[in-house]
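Think of it as A, B and C in the order they're written, each chain with its own count starting at 1.
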């Protein structure tokens, strides 16, 4: 950042320190009123907006970047669609409602995405059902219950959960958690097996490569996401409301129930939706944990199967034939649309609440 | 209330009454449950970290681990290291940052300084939100469809970096946007008053003011994308050799090494996988600490 | 200079990180010397080291372990020479070879004329035919885990029934008939198969079709078509799942059986039970016929699979190296020849330890002739 021809340099740091409360002793008074050399682009014209070439170029750059990002999301959709169309045209099965996946171009493509979609949504929703109450509790604990001084380090610990790469969650889930959950899932299966959710599925419970295991790992991965946003929203509960409730003699819980929760509800739901989006697209953890199956998905937690993302990743190394790859790209498009809708919905909820700003 | 006949009795009931038992019980139950969820969340974190450290830490203590590749070793020979994968991970992360950060900062500048509430700005904000929710496998597929099938590029580390760019831009835009918003308007006005052009005000004053925060955000974002596995699975091949060329050939990275070495089921493979897990966590920790260190050293004390 | 501080801190740390790791090396020379008792072939051939320093190859993951052993021998014989192998699957290997991106393609099946692979390969080799050289043979084991049962014999027919769901219990009379005297528990059989597309699955299903006396009614192919059980990712995933469960059975390459210390079933093709191992597999490979012409050594696997000579274990996976007969530039040709020669001679001794079968002598001679003919 060296330059010689403008006023900027000596002035900037001085100015920049202004709002720090003048704490810096080295803020020499001569800094802000720097030496305007006549040549260096310091105009002495009346205060009228003058657009210089630099301004035009810079603005064009920023606008260009903005347009680029907007174009990017459109391009993702368009390119996936373009690559998927030839394979979809060759598809002998119903893409949206077919339940079998055969993307081997030898002997004809016949791929249907329905089973993948069902497993994707089922496992994500299961994860969300576990993660939502827990995250709510954590967010309340961090904002309302934890001692002020400890709230920050505690929040940092929860955020650490988000820093762990998903592949490590996958390894932990498959090699450590799955065997540990085996007695629980066996018990559920033996005693509550009459409920379809706990019915015997396609995956061996002793091995534990089930949607049950995958869902629990996904839930752990969702905790920091849902917690972070909920926490922010809960923190913004107007103190007037809280104090009012306290003044009326409410207990801590009653304060939470009558002020914090109603105020933060929309934000919490939005956070959960964002979490759902994340769970739908999670790839490697699910890939490592879940066993695949040739049977159709039976809506049991003890089924194996593939989510859209894990199916794509499983086949990624064999993407050679463009038509075979096209089938997976078509599935990717479905996942893209699905997460798009979920995320847009989540944002729409928050956007309707000006008080969160 | 009745008129006071007994002067020793207070005129009104005491201000602080005992809270009745059921309310007290509910309150205590809620406290326990809420505290319990926090402990419940920490359990997997602790369990996971202990697992990784117990299984992998011993392997990274060897100096060779940080200096050598796995070249020439069969899947039954101990020894070697993950240097090739560390280089790959850092290289892919840095290339991604070099591309993503300028774009992301420009986008944030547009949103805060130029766009304000225009329709394009709204579209950009919406897109950034959506982009942050795009699954990494979809980003990888997009780059595959764009670069590899359409443009005919080979699979390469550069393609991985491009996919990571998509994942990094929204993160950096968000942080930068927040930081630019809290740069006081007085600074801008003071600069304008001195006749400094707007673009120079932004480049020389607004961005430098927020720079420490931006760098923090960037280092966190790099840490995040370095752990991504889906793009490397789709977009680059694994090799046990050191490769510094992002445009050609296979390049290892820590997540890719883990997925590849997972295919070796003996103790050697286990050592490599969990050792790489520890290495990855260490690298991510370094980048995270770097972020908070920078922000602590140089942060502005304004809210 | 507030704005400079974070940058310099970052720079400092980055420089530090680079300094810390700036001494990386690919040099992993281990004190060599493999004293394995496996019957390695004896023929020696002069190796002319030199040429292109870094060969690249890509393809079948089934031959990954063998290639690693070859690379290790190649580095020991010709110091400074290396080969990077990407085990990304047979399809990728063929495609990358045909595109001229890799020097050698590894594949579980020979180039397919119907798919145009042969013509594309000829184009890549500047108008010369490409050769399929079956350099790596490995037996596939039917591994199982069943508490209390340490020895299990399967006939091809029974294996076909188990893997297609016709036999679902371990104490099924059909299993008992093949294992007289063994006490079999009343447990369900959990079949574990490869959930990803794989040449191993393809070969296994072809074997069941060729040897299963009609019990395998499904198709062959890279996808498991048995319709039972649960899939796992890669042979490693299959091995993990087998050992994690009880009553599990699956098919994996020999090396995984060794690594995971699993029990593998003996195969009884009609003339007695044969254990999984190099000897049985080598005996079976001898009965393989070459159906390609000249130096293009394409194998007729159906004859191999159906062989029932005593002492042979015919469930063998053959993988090919796909190379140009001519059309490499001089540097590459020299290195390719050197690598393949080392692979076919010195490289063989480490193979049994890596779960593969060393080449039978007569096969080695054929291969060395072909390698010598590469120009």
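One rule holds for everything that comes next: a contact is a pair of C-beta atoms (placed from the backbone, for glycine too) under 8 Å apart; a residue touches a chain by one contact, two chains touch by 3 or more.
What you are looking at is a predicted structure, and each value in this text was computed from that prediction instead of being measured.
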On a CA-centroid basis, which chain has its centre farthest from chain A's? C
Of A-B and B-C, pair with higher C-beta contact tally: A-B
Averaging over Cα atoms per chain, report the distance between chain B and chain C in Å. 39
Using mean CA coordinates as chain centres, what's the chain A-chain B distance in Å? 11
Chain A touches at least 2 other chains through residues 1, 12-13, 16, 288, 317, 319
List, in ascending order, every residue of chain C touching at least 2 other chains. 2-3, 88, 240
Quick check on chain B: which residues sit in contact with 2+ other chains? 208-209, 262
Would you pull the chain C residues touching chain A in the complex into a rising list? 1-4, 88-89, 91-92, 94-95, 115, 190, 192, 195-197, 221-233, 240-241, 244-246, 248
Considering the complex alone, what residue numbers of chain C touch chain B? 2-3, 5-7, 9-10, 13, 17, 20-21, 23-30, 54, 56, 58, 61, 64-65, 68-69, 71-72, 75, 82, 84-88, 101, 234-236, 239-240, 255-256, 258-260, 350, 353-354
Chain B residues touching chain A - in the complex, by the definition given at the top: 17, 19, 23-24, 26-27, 29-31, 33-38, 40-42, 44-45, 47-48, 51-52, 103, 106-107, 109-111, 113-115, 120-121, 123-124, 126-142, 144-146, 149-150, 166, 169, 173, 184, 186-187, 190-200, 202-205, 208-209, 223-224, 226-230, 233-234, 255, 258-259, 262, 273-274, 277, 280-281, 284-285, 288, 300-302
Please output the residues of chain B touching chain C within their complex, sorted ascending. 66-77, 79-81, 83-84, 86-87, 90, 154, 208-209, 211-212, 215, 219, 237-242, 249-250, 260, 262-266, 269, 286, 290, 293-294, 297-298
Which of the residues in chain A end up touching chain C in this complex? 1, 12-13, 16-17, 102, 104, 106-107, 174-175, 178-179, 202-204, 206-209, 287-288, 291-295, 304, 306, 314-315, 317-321
